[in-house]
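One chain, subunit A, appears in both complexes that follow, with subunit B as partner in the first and subunit C in the second.
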Partner chain A sequence: MSEQWTVKRSGRATRISSGVFVLIGIVLFTVPLGFRADVVQQLTTLCTLLIMAVMWNVLAGYGGLVSVGQQAFIGFGAYATVYLAQLGVPAYLAVVLAALASAVLAVALAPLLLRLRGGQFAVGTWVVAEALALLVALDHELGGGTGVSLRGLNTIAPDWRRAYTYWLTLGFAVLLLVLVFLLLRRRSGAAIQAIRDDEEAAASLGVRIMPLKFMLFVLAGFGCGAAGALTLANTLFIQPQSIFGVQWSAYMLFMVLVGGIGTYEGPILGAILFFLLQDWFAQYGAWYLIGLGAVAIAFALFLPRGLWSLADDRLPFRLLPVGYTLRPAG
Partner chain B sequence: MNWVNAIVQGILLGGLYALFACGLSLMFGVMRIINLAHGDIAVLGAFLVWSLTTRFGMNPFWALVPALPVMLILGYVLHRTVLARSLRGGPLTPLLTTFGLAIVIQNALLQAYNPDVRSLGGAAGGIATGSWRITDQLSLSYLGALILATAVLVLGGLQLMLRRTAFGREMRATAQDADTATLVGVPASSVYARATAIAVATATLAGVFLAVRSIFDASSGPTQLIFAFEAVVIGGLGSLWGTLWGGMVLGVAQTIGATIDPQYSILAGHLVFLIVLASPHGRSLLALRREGRTT
Partner chain C sequence: MSPILEGSGLSMRYGDLQVLTGVDFTVGEGEAVGIVGPNGAGKTTLLNVLAGAVRPTAGTVRIAGRDVTRARPDQRCRLGVGRAFQVPRPFGGMTVLENVVVAASYGAGLRGPALSRQAADVLEECGLTELANRRAESLGLLHRKRLELARCLATGPRVVLLDEIGAGLTDAEAAELVSAVRQVRSGDIAIVWIEHIVHVLVQVVDRLVCMDTGRVIADGEPQAVLGDAVVIDAYLGKAAS
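== the complex of A and B ==
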């Protein structure tokens, strides 16, 4: 039997669609050369949302770790950037270092938090975020509860500053997408997807769950720290209540649920949709958030695999070679 | 004397946290889910009582008489419509839906009322402000004692119900193994719905006490959820009396923190929670979970 089937990772269609993805990525890098500054700033926002969605999906979609406290890393990344900039580190270098520091924070928190399961993990991470927000608000050097602005970037001409921030954000987004792609594509991918489908069954087949969860948690810490630092670089001002706010988790949940939890393409789709919705409806304030919450509930109950599943089930091929396909040999 | 006062006030505050926590603990014990909308449901209850109080000039405690049945029904319907379906979707779905529900409730309250900070303390009359003076620096407020007594009564009542009544037996059976319980004729989904109704009613009670004791607004829910969760974890998951101790430890940590500096109050509570999580006691959390204990 075994000669009659071959396992393939990609076909021609997948190769073409992957090529299109890469091409879009390259084209996006040229945006600041041709568009107005506000478009660039908007796209920066989209890229930070994209990073958050992809990272939350890594946790919840693949690791089975629903976090309501990723804002701990978002806020930590932003405030680490402020702190480093105050020490005299160039602002953009500070953004990169802050992302790495967030990864270190994740390493430190992992033994404490990964012990928790399900809802305990969700609220446990939330407590960490609240505690960090309170600690930051105590520090007057960091502006206390009133907020702080990032110095060192205002010496750059605004148009160039927006372009640099955009390139750095896009660079981070591409880096993280590539990292997740490699994670799924390599041997770990099969294990991660097995955990996603059934953690206990995966464990019984010999998948070592804890090291993988640790890796996903640290990756998400790194990515969310980067997203926070980049949000700061984009807006230049932060307050502890908003950057450590639980609304980030609400946004991430919405993007991932609507796009498609546990898929590679879903969070990208979700981030774009959320970005457009925010642009159109954010003026409605509370009604907008009620809508977001209700839509998220509806998706969790009635379309748990998100919008992407509608496309994925109909497409005869995968857009990206992250899976395995069985084909008749010959 | 200052410290003694802090500890006494902390214990009284712990009664409130225990009251918030018992619904969370009950739902976790029976259904293995953490209701992320628990705090917002409590605030919803407080707003309902606020409306009754302002519209009809009722005392908030009398307003509980019509409000509690309404919230019981709401909890029952909540389970029948949203939670029952999400329980079928796997272990993560209830978290996602209750978090979505929290966002909806919080913003609906913001829309229906306004972002103003309110209190029911004025409407409650003398009980909200009176106290027994024991020494110059130590006093016991009527309200604190009432909240603690209510918490003990509610927890004790739940404990008795679980241990002694037929419904309690069904609940314990469902908590241990819902499928097997269904096989022997226990209607699991009805048990779940009734447990949710009880949890929502106790949350309402806690929300109203919070509103009488201090202030509340549409966005007070998440903080109360976090305190309730901390009380549950400090006291040991799945243990009702443990929840009371957990609430008191949290309350004492907060009041002692506040004695040092008001800014440290909540932070001290979070730190105690994280220390418990890091301790060997915290390590036994998972073991407790596997045993499937409910009481």
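== the complex of A and C ==
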């Protein structure tokens, strides 16, 4: 009966914009070859922020899991790197292993935390983060409360060290973006967006909720662990209060809300904006934080779907082939 | 007619509130059953229990003879129970088509061209083809209700549970919805339909069940049930007398 209609997933526009995404990625990989060291270090910071934003969006934007405790994984990733490096594992390999260890931590915590809903989940994740911070602060091998340096990277010439760290960070960012893209592109994509909008209705249409939430939680644990480990590799020194600090959650929330929650492009936009604001205004201290808060409130009130919605509502097409479109056949 | 969906001895209580008391309810394959009753009679709770959204405090639910009392809503959906909510619950951030795609891929287990076909067919059946690429949150009430029905049908159900899908619509809009539901009937999908607009309901159903204070007080041929003194007293009240 509807022979004249067909469902399409990509068109010329999505192919062109996907190509542009890939091109930007390639250009970013060449940055250390031509730029000053401080630019490379700044871009590394941007990439770690990007990872955090994308991961928090996966959790809260798609899974409806509003976590204020992702710093548990950020801190765990950083300290796991320190621990592995102390055991003699090469530092960059330790970063990768620490990210995997964070995923394992997420697997272990999931049965406990995913029972909780809404506000309980938010508080539960925060409690876990604080508990981990206390455990680390009590461990003298890991520097206790005063902090610890990452050994093993000081033998590399600083310019090369920054370049390697940047490449690894960019590599993680690209890997995670690709994973999220695949998640959205496969049939799970429609399901996780359905869960985002109405969990009960999604279940009534045959979507099994728990395994999808579990997958999102573990992915976010892996990504945030990587972000923590890479933050350490970038700054070479961490303290438990700051790496396990709740400010990470505030930053992630800011980036995702301002960029556009529950969209692929939004957190990328949010991370870039946050990075620029931090770069320009961080010297103003408390006023900078007040300004961030005011911006976040303004977005929540007046543009709840974030910056990306401005573009999304005007574009007659989508940038990435993750949706479905009904078109005349032929 | 062998029952496709069967609830026996269903009771539900929330704290001190007894919402259902020993309700027996069956729907035969391809049968259309209407449920009427005053507000608070337990109609929506019965639907929730049948769909698996809540677990009854006593009693069993069977789908085609199989005990599903402990099965989750998504499992029941895949076994053939489709559901349309009283207040439509579209996935607002997704397009109309994507809403239907979720149902066709997870509820009906379809992939590739079969998924595409099912989604396009259901949209056409429910008159949503023109709106397929719009965000669901931009739809008005009638179209939201149609989408609710479309999603439910896209899961490839053997029985659909419809909760007051006519509420809030004008007579003309309700008539449109009725013709859509009638089209559902022409396939052999069974229907359980809660509706206050009785004259709309009786155009479609084979059998009418009347509930009051958590019990079934009448069950039978529609005109007979509507003529029942107990039903008139409990539900239709002065307007009918």
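Assume the second predicted complex is superposed on the first by the 329 of 330 C-alpha atoms of A that agree within 3 Å, B and C clash if a C-alpha of one lies under 4 Å from a C-alpha of the other, contacts with A are read in each partner's own complex, and residues count from 1 in each chain.
In this section, contacts are C-beta pairs under 8 Å (C-beta built on N, C-alpha and C of every residue); 3 or more make two chains touch, one makes a residue touch a chain.
As the structure is a prediction and not an experimental result, all values here were calculated from the model.
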Combined model on subunit A where subunit B meets subunit C, clash or fit: fit
Partner chain(s) touched by A:Arg115 [first = subunit B, second = subunit C, both, neither]: first
First (subunit B), second (subunit C), both or neither touched by A:Ala294: first
Touching partner for A:Phe237 - first (subunit B), second (subunit C), both, neither: neither
Which of subunit B and subunit C A:Gly124 touches, first, second, both or neither: first
Residues of subunit A touched, compared between subunit B and subunit C (which is higher): B
Subunit B versus subunit C as contact partner of A:Ala286, first or second or both or neither: first
Touched partner set for A:Asp197, first subunit B, second subunit C, both or neither: second
Subunit B versus subunit C as contact partner of A:Trp160, first or second or both or neither: neither
Subunit C versus subunit B - closest C-alpha approach in the superposed model, Å: 7
Doubly contacted residues of subunit A, that is, touched by subunit B and again by subunit C: none
Complex contact set, residues of subunit A against subunit C: 1-2, 5-7, 187, 190-191, 193-194, 196-198, 200-209, 262, 323-326
Of subunit C, residues touching subunit A in the complex: 51, 53, 72-75, 77-78, 83, 85, 89-95, 97-99, 101-103, 105-109, 111, 115-117, 119-121, 123-125, 129, 132-133, 151-152, 154-155
Residues of subunit A that touch subunit B when the two form their complex: 60, 64, 66, 68, 112, 115-120, 122-124, 126-128, 130-131, 134-135, 137-138, 246, 249-250, 253, 257, 285-287, 289-290, 292-294, 296-297, 300-301, 304
Of subunit B, residues touching subunit A in the complex: 28, 32-34, 36, 82, 85-86, 89-97, 99-104, 106-108, 110-111, 222, 225-226, 229-230, 233, 237, 263, 266-267, 270-271, 273-274, 277-278, 282-283, 285-286, 289
